[in-house]
Each structure stands twice: as structure tokens, then as C-alpha cells.
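The structure appears right after this line, and notes come after that.
In order of appearance the chains are A, B and C, and numbering begins at 1 in each one.
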Amino acid sequence: MGVVVVTGVPGVGKSTVMAGASEAGYGIVNFGDVMFEIAQAEGVPNRDQMRRLPVADQQRLQRLAGEKIAAIGNVVVDTHTSILTSRGYLPGLPEWTLRAMAPAIIVLVEATPTEITSRRAKDATRQRDADDVALHQEVNRAFAATGAVMIGATVAIIENHDGEVDDAVAQFRSLLA
Amino acid sequence: MGVVVVTGVPGVGKSTVMAGASEAGYGIVNFGDVMFEIAQAEGVPNRDQMRRLPVADQQRLQRLAGEKIAAIGNVVVDTHTSILTSRGYLPGLPEWTLRAMAPAIIVLVEATPTEITSRRAKDATRQRDADDVALHQEVNRAFAATGAVMIGATVAIIENHDGEVDDAVAQFRSLLA
Amino acid sequence: MGVVVVTGVPGVGKSTVMAGASEAGYGIVNFGDVMFEIAQAEGVPNRDQMRRLPVADQQRLQRLAGEKIAAIGNVVVDTHTSILTSRGYLPGLPEWTLRAMAPAIIVLVEATPTEITSRRAKDATRQRDADDVALHQEVNRAFAATGAVMIGATVAIIENHDGEVDDAVAQFRSLLA
């Protein structure tokens, strides 16, 4: 199958859903980790420095990370469709990253805004997100749709509702089958 | 005008709406038929075999079908914006197909999910679709929007509601005028 | 920062929101004006003639206008994400324009359909739009999302609600900060 990208807003329970990947013979990599490994090998000391690189350098690192991931073969990639910044929603899977990584499936893990807000509140380690959850999920769908048309990937939505996590994991595993 | 693509989820009544095309001087072709004709000329014996070709070959056939359709001139193309598969929503109009076919208009024929479900139930020949109709129509809008921005096509939505089919056909004909 | 594109349906109050740009050190240009200046220099006498040019010429003018704007540096661009035509929603920011202009932010100024309809009714100079406002805003979001993924721009939504214009202007200024 190749690369399967898994995305979702903070608090949606993405990691829980992805946990089924290894049984299906898939490793899991974090996109940001792969990107930072490449930056480190080029002498960038930490992630803060990486974020301050000129835009062209960051785009080059995103492309290289995408190519490195594509070379793995069967792999699940933990990343974001969009990131809410002070300047609006930034694509986490811009065109150059998508074309380099060439995922077969872009997975959106979703839940209701109420469920997500409640999960965030329970997570004491998480900085509170002032995010409009419904809008963020809508933007993610639109960004994912664009990526799918560019590269011919499928878009799969997995509903991760309260008390139905087994069902969400099963849905995810059936995508990898 | 050139190529006008008409799409819609199964059961929405796409064929009925398209029936007005010939009076406006447009032929109607089915994208999948054109693609299979090209595959047949290359020795592929049937559609099942075509679907089992390597992805790169299928993409090449899609591109060739798009080019063949673009060469016709004024033509209405019966196809899908997305197809629901076991791996999620697959773009029926991926970038390479769109660029080859270069439609002037991408038409989305829509109805309410209730209307569509009811029409499907009445069609005894149709395999029951377990499809989430509202989501499928939402995905189609997003995929069509992406295609439009890529090639500068317009996106037109035609509402094909119960008891208003004449209005839907008239809307479609006015697009071709 | 560079180019910041501001869009919104007719009547949403785009100009009011943009008024804060000059205090932040940004000029404001209208995309259509820049395009017409270039056309005039090529001998096109008026905007009607420009709209009747072959599609390839119009696309070339859009690209040139985009490049001219990108060369300005910090600038706010008044334009449309989509234009409602007799053939459906036409992308106001098609791929070639976006790539030439390379905006850092695509801003969508929005309000509720009721607010927008009421503002249009109060504006005696405006031709009445028979537009489905909710759908038009939905299409704008989808078109903006596509553009963002293509070039890595952020998408920012500014709500310009009745009685809260100061808040909308402040939101816009914070984007430029």
C-alpha cells in the first residue's frame, strides 16, 4: 500500500486510533520528527531553530522528509492537515510535501467538537487550545480534499466517538488491510 | 464552450438532468467508457482487468481518455467527482485527468440525502449503497472546488429535487447556452 | 510579510475591514485595477474589451498582474475568491494567479447570510445580487483552501458582524502585525 497519513485536531485521539498500525505490519513515524532528524544532520541544533529557518529552507526540509518517508514503504505518518497559527490555518500537507510523500490514503480522525473540547479539558499536560474545533475540522477536510485531487489519494474519515474507540481502531485497521 | 463535466452521487438523477444536452448540440460520453475503449485497443480484455492494472497504467489511461474527450469539442461528460471505496473517497477527477480534459464547467447534480436514499430504494436493479450521502456530496463539492482552481473551470450546482426535474433540466440547458 | 489577499462576497464589508491596512504600513491594491492597467498599456481600451479577450490572454494578464503585485512587497490585495457567473462559480484566484502573486495569507471576510443580505438591501447603488450567500461563502472557503495547499499560504477567516466592526478591523490588523 505505501504511505498512510493520519491527521486530526489536537485532542481527537489520533494516537489511540493509530495504535492498531503495528499489528497490520505498519511502522508509525511522526512527520515533524523525520523533518527534524534531517535538519539536525545539517547542523540545526533544535526545533525552535528549525522553525526560524527561511521559508525556502523549511520547504526543502519538508520535501526531504516526505521523500524519506516515501522510501520506507508501508508506514503510517502522524501529522497535521492544518495548524492554527496567529495568521490563520497553515497547511500541514502543502503541495510539495504531498507530492514527495505520495500517500495512498489521507485519514482524518474526527469527533464532535463537544467530545474534543472535553478530552482537551481532561488532559492536564495539554496547553488549552482556544481553537474553534468545528471550523478547524472543516478546514482540515478542505485541505485534505485538495491534497487528494493533486495526487489521487483517497480521503478516509474515521469517527472516534466516546465509548467507541474499538470501532475507530477497527476502522483504521480495515483501511490498512 | 468545450467540455462540461457532470457529476453526482448514485441515485441523484444525473442521467435525467443530462438528457437535455443533445437539444443544445452536445453529445454525451461516459468517462469510464472512453477509458475502456482505449484500454481495449491496447489489448485489455475487460473492465475488471483494467481496474487491476498498475496505478501508473490506470493514470495513463485516464490522461489519454481526458485528451480524447477534450478533442471532441462541445461534449458533456458523465463521470464522478469521487468514488467511495474501502479505503475512502477516491478522486474521480484527479489532477492529471482534469488537466487533460480541461472542462469549462464542473457540474454537481445534488438533491437532499432523503431524496437520494428514497430514489435508491426504488431502483431494484441498484445494489444498495451503504454510503453516507450527505458526506459524499460534501466531499464532491470539495474535490470539484480543487479541480476548478487548478484549471479555472466554473463549478455549477444543479438541485434536482423531487417533482422539479423540469427545472433541473432547464438549469442544465442554460449552462450550455 | 509580503502579499495579503482579502476576499469576501459582495456586501460583507470587505473595504471597511481593509481600512486598517495603511496604519500597519500596507498599501491596498485592487487586483482588477492592476490587471486593467497592464491591459491598457497593451492597447486594450476598456474593461469590457478586456473581459472579451480570448481566455489565454486573460490568463496571461492575470499572471502578469500577480507578478506585479508580488513585486510590491507588503501589500493588501482586494479581490474575490470566486465570482458567481451564469455558468457557476468562477475561481477569482486560479492556480496561475496564486502562484504568480504568492500571498502569505488568504483572508476570507465573512458575516451571516442575513447580515449580508440586509447590508446589500441598504446599499442603493448596488445592483441586487440574487446570490445564494451561504453557498457562495462555502465555495469561497473551498477555493481558498485549495489555493493555500498549492502555495503554503495560511487561510484566515475574519467575522465582520453587525455592531462589531472594530473587532473585525482589529483582527485584520493583528494578521498584518
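Of note:
Just so we're on the same page, contacts are C-beta pairs under 8 Å (C-beta built on N, C-alpha and C of every residue); 3 or more make two chains touch, one makes a residue touch a chain.
Note that this is a predicted model, so its numbers are computed, not measured.
Superposing subunit A on subunit C by their CA atoms means rotating through 120 degrees, a value rounded to the nearest 5. In summary, the pair subunit A and subunit B forms a contact in which the copies contribute largely different residue numbers, shared numbers making up under half of all those used.
With each centre defined as the average position of its C-alpha atoms, the distance from subunit A to subunit B rounds to 30 Å.
Subunit C has residues 142, 145-146, 150 in contact with two or more other chains.
Contacts from subunit C toward subunit B in the complex involve residues 55, 59, 85-91, 93-96, 98, 135, 138-139, 142-143, 145-147, 150. Taken together, the subunit B residues at the contact with subunit C in this complex read 104-107, 141-142, 145-146, 148-157, 174-175.
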